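Chain naming follows the written order as A, B, C and D, and within any one chain the residues start at number 1.
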Amino acid sequence: MNDANGLLSGRMIDGGHELVARVYYADTDFSGAVYHARYLEFLERGRSDYLRLLGVHHTDLQAGQTGETLYWVVRRMEIDFRAAARIDDILTIRTQVAETGKARIRMAQEIRRGDDLLVTARVEAAVINAEGRPRRFPQEWAVLFETPGKPHEMS
Amino acid sequence: MNDANGLLSGRMIDGGHELVARVYYADTDFSGAVYHARYLEFLERGRSDYLRLLGVHHTDLQAGQTGETLYWVVRRMEIDFRAAARIDDILTIRTQVAETGKARIRMAQEIRRGDDLLVTARVEAAVINAEGRPRRFPQEWAVLFETPGKPHEMS
Amino acid sequence: MNDANGLLSGRMIDGGHELVARVYYADTDFSGAVYHARYLEFLERGRSDYLRLLGVHHTDLQAGQTGETLYWVVRRMEIDFRAAARIDDILTIRTQVAETGKARIRMAQEIRRGDDLLVTARVEAAVINAEGRPRRFPQEWAVLFETPGKPHEMS
Amino acid sequence: MNDANGLLSGRMIDGGHELVARVYYADTDFSGAVYHARYLEFLERGRSDYLRLLGVHHTDLQAGQTGETLYWVVRRMEIDFRAAARIDDILTIRTQVAETGKARIRMAQEIRRGDDLLVTARVEAAVINAEGRPRRFPQEWAVLFETPGKPHEMS
């Protein structure tokens, strides 16, 4: 798979990650615009592909590569729906790490269509094990989410 | 939960099961009608609730109640989209067993809005274990899907 | 349709609305729990059915009953995912009006499984016309969202 | 947008179209595999992007470019779920025109992961106007779906 343009998994940009995705029938609702909960799926793709380019794969986590089965979960989300995306639109999803802690990470995300800002979100994510218990991040991740010039720490 | 009217899990009817469900924003697309793949979710609810009323619960199967972890999967579907459902519509999902075998079951399903027939489907379902391998139906199910007057057998 | 138990469209409770709904395959993800964006669909059902019992129907709004075509849209959402729902779970969605303005309404919502609080959300909603322009609420709604003892006003 | 590798809208191949897409959390269910109805969304993306590369855009159809507002709808689908896709999988969706008529088109589609054939589908699609009435295909499409060596005609 030649993904030189980053169209499949997106690409790293200054301070974060950028993914391009298309709006299809499945994303829209009868108002003519994208259904509000479907923007969360675009945001999930952005976060998953950002992690993927950092070397963190859902399959590896499930397989217990870091010690036990782990799953990423969203703990909290603040999301502003500023303008509507429509069928056939090409969206750009930008993801940045805002803060990292020992067991939580906060990401700032936005969805644009060209220069138009459609959605902004603050997402707090964590990992749980197979029994659903919260877990600290694996130690090997410590360096992954360091954001140069933004040395934030969450408790 | 008083489900006397069968509104939560539906109810057994002559030769099958009937469930009532509402169309919400999430089910529709920008054409104004229900998105075609969302009808499959209504059909899944019908099958799941039919099984539930027969005493077959997804949670029990996952927990290995019948010997090992089992999941229902859809193997094949023929579906005719005859007329469109729209926002706020109240749909009736009817599910009947058409044929049962040792490891497969065929169900005939339809979705109506009042007297209007919107969708008909033939669904072939089976069970797999946690590794994804096909499994025979648990023996205790042998009597569940017997349809009086329709003693079909699948190979 | 005998909906005496409120299982189809929910029921008005002190200061709000309550709807019961089931978790199906379609709502879950490979972690074993409900996919985070699907909780937003349960919340949408709660809000839509609350409006329905107040006499506000999406079909009427689309048909221009209040003057021109109107659609409800979500403007902002803060959502806390506290605990996970799983397959077969029966969820209760509670919806309350927190604040109303001339063109915006804020609702407080929660999803419970029995006594367990799974999700809490603050949702800001508004109406737009067919061109996507924000509109004031129709005058006849002025009395609908008055919450006795909570005479909040949004600008 | 440099889509030289066809990763955003796919690419024309001998006798059809090919699109590559990723499996995310949103596509999976608690069994660990992709939820059966979500394969229909991957198939829709394949058909939509095939049409797009032929010059047929949903936005143009909705805007009445060919005379009146038109929407594509799926009329019938036969789908075989042969093997399961899982989180992080990269899927290839292939779409071919099998038969065209004056108001209906039949497409043959398949979803593969590498060499593994996961899903095959026969999809019958048509166009309707804003009132939901079936319409003949616009004349300018007559040449679009001609498949060299496969001069099928539907009544």
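Heads up, the rule we're going with is that a residue touches a chain if its C-beta (ideal position, glycine included) is under 8 Å from a C-beta of that chain, and two chains touch if they have at least 3 such contacts.
Note that the structure is predicted; figures quoted are calculated from it, not measured.
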Contact-richer chain pair (by C-beta pairs counted) among B-D and C-D: B-D
Report the chain whose mean Cα position is at the greatest distance from that of subunit A. B
Counting in whole Å, what is the centre-to-centre distance of subunit A and subunit D, each centre being its mean C-alpha position? 27
Interchain centroid distance [CA atoms averaged], subunit C/subunit D, Å: 34
Distance between the centres, which are taken as Cα means, of subunit D and subunit B, whole angstrom: 26
Where in subunit D do residues touch two or more of the other chains? 25-26, 30-33, 37, 41, 44, 58, 62, 86-87
Residue ranges of subunit B in contact with subunit D within the complex: 30-33, 36-38, 40-41, 44, 58, 62, 71, 73-81, 84, 128, 130, 132
Quick one: in the complex, what on subunit C touches subunit B? 1-5, 7-9, 20, 22, 24-26, 41, 44-45, 48-49, 52, 57-59, 62, 86-88, 90
Subunit B touches which residues of subunit A in the complex? 25-26, 28-33, 35, 37, 86-87
